[in-house]
Amino acid sequence: SSFGGGGGGTIKLGAINPLSGSAAFYGELATKAQTAWKEQVNENGGIEVDGSTRQVELVEYDDESKNSAARSAAKRLATVDDVSMILSSWRSTGAIAVAPIANQNEVPTFTHGFTPQVNDPGTYMMRLTVSTVMDAYPALQQVEKSDEIQNIGVIAETGDWGDDTLALMDWWFNESGHEGDYKNLGRFSFSQQDFSSYLTKAKQAYNNGEIDALYVQTWASAMQRFLAQQHREGLHEMMPILTGLGGADFNSVDDVGEAMENVYALGVYTRLSYADNDAIAETISDEALTQFDQYKQLDAPMHPVAFNVYADAQISQRGIEEAGSTEGAEIRNALVGTEFTTLIGDATINDRGQPAIPGALIKFGTDGDTPVVDEVPWSGQLPPITSIPPETDL
Amino acid sequence: MSADTESGFANRNLAVDMPGVEWRAVAKSVGITLLLGLLAAPLVAGSSYIGYVALTVVIFAVMASGYNLMLGWPNLLVFCPAALAIIGGVTSALLVNVFGVPYLVAMVSGGVVAAVIGGFIAFSAIAIGSSFEIIIATLAFEEIVYYVFTNWHAVGPTGISNVPAPTAGPLTFQTQLEQYLFLLVMLTISIGIVAVFDRSLTGTLTVATSENEDLLRSIGYNPKKYKFIAVVVGALLLGIGGSLYAHVNGLITPGGFTLDQTVFLLVIAVVGGIRTVHGPIVGAIVLVGLPEVVRMFGLSNMKPYIIGGMLVVVVLFFPRGILGGLYDAIDNRGDLSWQFWK
Amino acid sequence: MTDLLTVDDVHVSYGDMEVIRDANLSVPEGEVVSIVGANGAGKTTLLDTVSGVKDIDSGDIEFEGESVVGYEPYERIDKGLAYVPERHRVFPEMTVAENLRTAMIPASDVDESAQLDRVFDLFPILSERQSQVASTMSGGQQQMLAIAQGLVIDPDLIMFDEPTLGLAPKIVEDIRDTISEISESGVTVLVADEQIEFAKHVSDRMYLMRKNTLNYLGERGEFEDAYQETVDNVFA
Amino acid sequence: MAILEVTELNRSFGGIVALDGVTFTLERGTTNAIIGPNGAGKTTLFNCITGYHIPDGGTVEFDGEDITTVPDYKTARQGVRRTFQEVDVFDELTVAENISLASFESDPEELMELLDLIEIHDKEGSELTLFERKRVSLALASEGDLLLLDEVFSGLNPTEKPEMIDYIDALAERKTIMLIEHDIETAFNLADTVTVLAQGQVMHTGTPEEMLEDEQVREEYIGEMAI
Amino acid sequence: MVLLETLVNGLIQGSIYALFAASFTIIFGVMDIPNMAHAALFAGGAYVFYQATILTGLPWPVGIVVAVIAIGLLGAILERGIFARLYDRTESEYVFAIILATLGLARIFERAFAQVWGHEPKEVPLAGLQSGSLHAAGVTVTSLELLVFIFSIASFAFLYWVINHTETGLGLQAIVQDRDLARLKGVNVGRTFLIAFVLGSSMAGVAGVLNAAMFSLTPDMGSSLLIKAFIVVILGGIGRVVGAAVAGYALGIYEAFAILYLSSYYIYATEFAVLILFFLLKAVVLSEGEDDLGAAIADRVRGLTEVTR
């Protein structure tokens, strides 16, 4: 905004991506998706603000997968670069570190952290990303519906997401009195390489009739390792594996091959990758499919995480256009409560920054050794859930 | 020549100086810190980004000063400064948030709790003796602290947020400049503590422990005592640094105080100059500032190469760190008048 | 009689400080030659250069008729040149047996067990303490081990730097006898020592190292007087 | 009055018996030599007296007080000081700093005067020659009433030895001294009494003259060369 | 039944620790180089293999050979270019120097791997071993797991032989204890250290290939194993090959059983607490002048029985 008013100035947007460190894989995808989006927007003239179209300038910083770096990046974006919005910030603890700066400086910030901690009313931290609690919801629905699955074993990460998951299980089965029960089979660390001992424990519980299925809470690459290993040990032949986003959205479902057999996973962005499957296509709106077709023309990664980042950018653009301003507070007002159509479908964001987005529970099978969608036991809008016990029921 | 030496000796009158603290040297160290710190204050005004960076520099300088006390004087390779810092930070944040204790009291309590834990660490490290075993045992301790905090409800993996800004009686340090001045005072006090230690018999004896324990014992000193003091005082400063971190940033998370942070503090101490009073300040400026410079030149992508390369270069060519190397160069030139600020 | 070792016009320095100036030395095969001199005179440095631990600035060192300048210590040892350094330096955390085995690494063709028997014969305590860690041995025991390390490689020339340091008088006598014995068995010996009495006793020839220069004092029968003269002149 | 009384001292390391019932007494103000073969236990004896090692059995009394289990840094304060067989000084400190560190009551300058260290007071420990190091380590040990000196003459050349004898003589005027020495001539010159230690046991005690006359001592330990 | 399976799990987990720790034993345990970039060499081997086999299409044995050569060469460059300049520093300076320099290198390597091959986790098939499996006594293991187990045992056996029964091994110990004396006593100091470092690096490279085949390949694949390797080597007793092997498997087995029975957050915390207690205990049991824990304990026991007799 240093260029002053009128149509000449660019709109500055920030991005805090992990380009190194443990989350670097996501940072890499985010950069590519955001760059493709920016180029597309600028080719079309830019973002329309208050009658004039302005070009987009992206300022990106590496948060090194560390909170302190994320925080100083946010501070820099807010004070030195004076951006109108921050398109991405990663990890839950990263979001917590960034939140005060986003709020103080009134910079709406899209986060990919899953913690409810930044979801105070009026927050500038927004997301289209599923929270840990939303993550497990469709799977729990499946337990409710299914006659075979009554009791589930739970394997969760150490740390806050795992805590949230177990708290949800506790609330669902014990407090809310839903049918069935869960058994905590242990916590593992994200960097874990070997899951043999957990698998042994799960097998034992299954053989003793204590559980009928296994819920695994983890994210992407760890989930990939888990699935590969349970498949090697033949666990999928005995019992279904239930999981959230991690099971469907990791790098490439194809890599895991046969291991996807008998896996139930939450698909949100992944649905697009399976859009040629009829059952899946039914869960996606036509408008979303059109937008996705346009996305495919771009030089952007065909990866669920990239779809999510792209959708964030889309919503940001609509927000700015809707607000007719590059002022953070006005953009936020425009974002909250408005229904936007993105390539992942229709979505709204509430005053706590939480989204309501479409999703589906996908049961995978295999064709030879390529995973295919077997059926879609559940689809619909995932409601915003901001705390445990959940304030909103499905 | 010999007359010269003798008069030199008489001037130094070391025999008398040795047991006490060389207060003038301490005053110089403290004065320089305060002076240069105040000169930098205009940069911090407003809510400028450079001011924000300056706050981080000062906080890390305080923590690294504490760590330097453990590494530099008794040469103990204690590998858990981050754990001590977060113990101080969490103590102080909880005291203020939960019990409404005044900030200064909470800060000192944070330091004291860290110092007590530091005492246990010192005790164990001294008993263990072998340097690699000390490294691993303290690293293990750091992991335990991490597990305990992430699993403790009062802290958890997402840490404590909404930690209020530091206060002193009626004063609240809210703006960047206020916080900077407060931090500068704390840094000056820390530097003073390190300088007193350095310029006292205790400091000399602590250095001697790293050189030859048997000899030290044979002349009537207990090396364990001096190592213990260095680690405990170091832990005190780390705890206070952790408290400053929590309250200035408003947030403290266990994940931010693991091995990475320890390594960062180690790098600050070594790059600045182990066993130099001002080394941690120089190290903090370089290591907190460097990424900003890298960013300014649009070399973010190259950062791991730049930082990694710098470490290799420092190790190969400046084994005593920037300040240590500078002092050596000045010493070698034999120009004693320059040593006034050592 | 041929010279097994000759040192020709050798200059050595540490940094800018020249510690050996123009040294000339010849050690005839089968003889015991000693170098005496005060602390810091440069004796150790000279032995270091012969062993290859320290490089020379100029000059030549010939062993068995060939120049060894530029050869690494392990190459010289393989040629039969052993060196027992001063102050009983042994590998502290190795046992006695490992210390001896290590010493034999560079010597390619020795009969290991025969050599071990020989040194155990000489120092029975080493045989008893084969599995004791060297650093826990007494000072004198470590010195015995250091000497044994030199002997086990069955050298043609063995250099001793202050071999009697810290040894009890009785053992000193034993060492003296050993030196005579190995000399008789055809091994050439070069000793550097401050203990003139000891040197006098064992040597066939003697050199005096003084202020970085090496002076030849003469053969047995001559050097006593020559030494006394120098001592009177220099140290008076 | 006896300054040091050692009674039935035992110490072994694993299977190695280093001290085996050592008993002796030192009179205040005397100079005493300990001689004996290598590995006899001489250094171990010093280690046990000072509390560097705690003996397995037996007692050490210093000035009438039992110091058997008192650690070395405390016995050093009580007045038992020693030098090490490997000559030790603080390499990173200057001579003057070294000495003032070790002096509680005595005047460091006077001590430096006595040991001719004034000239080199400003040199760092690492820059010293062997003889200088020996003098500094002697100075470090000089604070006590009882000085235990472990082979202070070894490695000194014939011109330095007499100087060292002078220094020790000067100290002996004020202190009780016990020295381990393999140089029989020097030891016997300095000592009022001589103790022969062998295989961890006291073989003989007596005056130097008596030792020289003792057949067994001469044969097994001294040999003919040393005299 | 479950016990047997858990034991097998522990052995597999232990094999992975052992696999990494074996190559670290020679570099850290014997040569005293706390190489923080060891995990990068480990991942590097796997990337070279990945490049050679998957991307270039060479057969897997060639891939292994290429990985061994490439990482060995990298090790040689590091040893000559950096470590060799640090050996004559004083002990604590040396430890600082190595830790910092190798931390710097680790960052550089990780970044370079990420830039060349990307952050995306890679599947690295190795001769179809992942899918082959063996069943016996109701326990299933894959051929790969079996191979890793055998390979880690073989690595330790090989190291044991190198360190204790070859001149290189003896020379290596001599160098570590007193570099100058070793040179003087005729150890070829430069060559011995170079050989040992190259050996350790190549072993790390091969271990990396196996690890990537078992799980997946990322630039930071070895970093969580590095701290375990430190623990294993130190627990085993610096420089003791058999000790390190035992410690590696013990750690794996402990974790397997802890998951089964402790079922809590505290598996790792207890692991670390035990580690600290072990060091303290060792410090208490070993009095001055002793350095062999086994001997010291035997000594204490002997002392007790003598008293009671």
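Observations
A, B, C, D and E label the chains in the order they appear, each numbered from 1.
As a convention for this text, contacts are C-beta pairs under 8 Å (C-beta built on N, C-alpha and C of every residue); 3 or more make two chains touch, one makes a residue touch a chain.
From a predicted model like this one, the values you see are computed outputs, not experimental measurements.
Looking at subunit B and subunit C, the chains in contact with each of them are D, E.
Closest to the middle of the protein, by Cα centroid, lies chain E.
The greatest centre-to-centre distance from subunit E, using averaged C-alpha positions, is reached by D. When C-beta pairs in contact are tallied for each pair of chains, B-E comes out on top.
Inter-chain spacing, taken between the CA centroids of subunit D and subunit E, is 48 Å.
Centre-to-centre separation between subunit A and subunit B, using Cα means, comes to 40 Å. Centroids of subunit A and subunit E (each the mean of its C-alpha atoms) stand 37 Å apart.
The distance from the centre of subunit B to the centre of subunit D, each centre being the mean of the chain's C-alpha atoms, comes to 43 Å. Residue positions 20, 158 of subunit A each touch two or more of the other chains. Taken residue by residue, subunit C touches two or more other chains at 136, whereas all remaining positions touch fewer. Shared contact sites, meaning residues of subunit D that touch two or more other chains, fall at 13, 52. Put simply, subunit A touches subunit E in their complex at residues 20, 22, 24-25, 27-28, 158, 184-187, 189, 191, 193-194, 196-198, 200-201, 203-204, 221, 224-225, 228, 232-234, 251, 255.
Listed in rising order, the residues of subunit B touching subunit E in the complex are 71, 75, 77, 124, 127-133, 135-137, 139-141, 143-144, 147-148, 150-151, 210, 259, 263, 266-267, 270, 274, 304-305, 307-312, 314-316, 319. Contact residues of subunit B toward subunit A in the complex are 47-49, 52-53, 56, 150, 156-159, 161, 249-251, 253, 255-256, 260, 291, 295, 300-301, 303-304.
In the complex of the two chains, the subunit C residues touching subunit E come out as 51, 53, 72-74, 76-78, 83, 85, 89-94, 98, 101-103, 105-107, 133, 136, 149, 153. For subunit E in complex with subunit C, the residues that touch the partner chain are 167, 170-171, 173-174, 177-178, 180-188, 289, 291.
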